[in-house]
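Order as written gives the chain letters A, B and C; numbering starts at 1 within each chain.
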Amino acid sequence: MTVRKVLRGAIGVAGFLLVAEAAGRLGLIDPTILPLTSTVLGRTIGLAADGDFLSEVGATLLACFAGLLIAIVLAVPAGVALGTLPKVERATRPLLEFLRPIPSLALIPLALFVFIPTHNAKIALIVYACTWPLLINTMYGVRDVDPLAKETLRSFGFGSLAVLWRVTMPSTAPFIATGIRLAASVTLIVAVSVELVAGGEGIGAFLTHMSTGAGNMDFVLAGTIWAGAIGLVANFLLTGAERRLFRWHQERVGGTS
Amino acid sequence: MLEINHLRHSYGSHEVLGGIDLKVDEGQLLCIVGPSGCGKSTLLRSIAGLLKPTQGEILINGVPVAGTPDNLAVVFQDYSRSLFPWMSVADNVALPLRRKGMSGARRRTSALEALEQVGLEGAAAKYPWQLSGGMQQRVAIARALAYRPAFMLMDEPFGSVDAQTREDLEDLVLQVRGVHGMTIVLITHDIDESVYVGDRVVVLSKAPSRIVGDLSVGLPYPRDQIATRQLPEFVRLRADVGRLVRGVPG
Amino acid sequence: MTAVSAQRPGVARRVAGRILSLWIMPVALVLWEVVTRWIQAVYFPPPSTVLVRLHELWFSGSWRTFFLTDDAIGNFLPSFTRLAIGWVLGCAVGVGVGVALGRSTRLSAYVDPLVHFGRSIPPPTLVPVFLVLFQFGGSMQVATIVFGVVWPIMINAIEGARYVDRQYLDTAQVFSLSRLDRLRRVILPAAAPKIFAGLRISVSLSLILMIISELVGSTDGIGHRMLQAQGLFDIPTTWAAIVLLGLMGFLLNTTFLLVERRILAWHRGARRTD
């Protein structure tokens, strides 16, 4: 069954590539505008060995990692605090509800003013964008903690810090992991966007640079394919890690719903 | 009316139905009873055309079943998943009538009539999930009635309701059968129920199941939850069916 | 708070309570005003300046144009149009293809890898591609929005349509519903909660993609106007645009949630009694 599924998937991908190639060769699509699939695939493989392109990819990924890390350090403790202190949460809720809908990319021009090298502006925006899924998932997770588990530990004379460390944090961890996965998928979108607008280094800057020169569409598409591949791998790794680390959580959630 | 010849079915290497032969006459109320996991539901799904049996044939009025027969309605055990939660009770009952080429107004009148027959005329505008389990199963019965089938299949229809509701629903089935005179095949694991409701009880063995008993129930109508169950004939039949279900030689 | 809820407050008191719970908003605004005036930060104008700019730039027009200025009409209209067209197209394609794929295991086995790859491409990377393919003008922005929102919608629709309760389908078959009725009255409603989950994500995503497509390759629109202000070092206008986009995001989300609540009322009701 799974073998057949993999086979069908492979046939689907191969079919798509062949149709696109044929459309180009038969003149249905103008190859000077949209290059042949074989050309694009060749470029894609070529870019993997291209030091310049790799350093652009590195710059993007570095910003993503840095932004995500800073966001975790800021948003997870904030989420725990808001989750454990309902009064503070209630007071700040209108403020958060007002800030949350502000689209992160609307802040690009402002960030470019405030954070001087483009690289810093990029990281700052990634932090902003990642904060929301992290904060909300953490808060939700803390509120979801079984009160009985907390009571049990307290009845054995443990203090609130011990309760936080031994009950609240472990049972919130899967929610934080979900927040991290959601935030990670946002980082690449924000990073590429800032690079497209402001240039500097990174995949977005590479794409802008290539698309302004005529006849470089094959490079642009190859870069896009790599961006997709990075997104795919990141999602695959994070989903896999989440499943492996928190199997107990999935079972519990699956069992009650 | 219904004729089943040499019906066999297997899931992979696990044989559930081991050759079933059965004839049901027009207007009969047949109860099929058997131990749990004996393939009762597989049998019902085959008759309803929801499942293609591995071997054998099923004829309704002499026509082989391929797909779901037109004049057949089914009442499932799990009412909460067989009624659509996004439709009102009246819409649920009226839905199957769309296929009958009726106007919207006629569909609605038929649905309300059917609801009245099951004593739920007041619930038409409600959603199924706003009703109790027993009431939801009444809605499912009303839906089957509105469809005016010649043949009604009921798959453990009262398996998920409490005892009191169960008795009310058993009487409801007897009552609508009296009014409409359709053929009914009711599947149950409850021995008392099969004897109380049916004019005939067929007992299935454990998987791979075969028919191990076929009893005619001669209890008088109208049946009564207390008086009928006290009759010596009822007690005798119940004991017979019970022995057959447990596989104890009579 | 507990004393009030103990005696079941009237509507007036509940509304008053709601308003009182917003106390942090004026406090934050005043604080922001005082601090920014005090430290005179160049990039952080006081909120009063931003609001005045927001008003005179876009909302000080004649009553005939609903108080919108020419600048507002010239930039809001193209933005909204592209957003609406892109979102609706993305929804139509995403739901249509998603439900078809969800109902056919075979078909979805063939295209699954392509769908997952398509979803993984960060949509802004396609702005340069579409810029070349469609040149400037409306289609590049619309294409970016469609490409971005179509994947989350499609993936949720696939899941929703794939896991329709077997008993619903059995019921539809037993009562010989036509194919169209089965789709419209059984499969689509059963998949609706999942489909709406995808649509909810797509609302904020479409706004983000509208902004990036206008920041990069546009000659009009709110994003373009914001970029212009940035180039002119016009900081209050940049802030006014941020506030405007924030309000837009808020309104779009709120409207969507209201519609969703209405359409999926049965779902919440059924879940509560389960």
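The working rule: a residue touches a chain if its C-beta (ideal position, glycine included) is under 8 Å from a C-beta of that chain, and two chains touch if they have at least 3 such contacts.
All figures in this text were calculated on a predicted structure; none of them were measured in a lab.
Arrangement of the chains shown, judged by which pairs touch: a linear chain-to-chain path with two open ends. Relative to the C-alpha centre of chain B, the farthest chain centre belongs to A. A straight line joining the Cα centres of chain A and chain C is 19 Å long. Distance from the chain B centre to the chain C centre is 49 Å, each centre being the mean of its Cα atoms. Note on chain placement: the centre of chain A and the centre of chain B lie 53 Å apart, centres being C-alpha means. Across the interface of their complex, chain C is touched by residues 45, 48-50, 67-68, 70, 72-74, 76, 78, 80-82, 84-87, 95-96, 98-99, 127, 129-130, 143, 147 of chain B.
Residue ranges of chain C in contact with chain A, taken from their complex: 21-25, 28, 43, 106, 109-114, 116-118, 120-129, 131-133, 204, 207-208, 211-212, 215-216, 223, 226-227, 229-230, 235, 238-239, 241-242, 245-246, 249-250, 252-253. Per the touch definition, chain A reaches chain C in the complex via residues 4-5, 8-13, 15-16, 33-34, 90-95, 98-99, 101-110, 112-114, 188-189, 192-193, 196-197, 203-204, 207-208, 210-211, 217, 220-221, 223-225, 227-232, 235. Of all the residues in chain C, the ones that touch chain B in their complex are 165, 167-168, 170-171, 173-178, 181, 185-186, 189-190, 192, 266-267, 269-270, 273-274.
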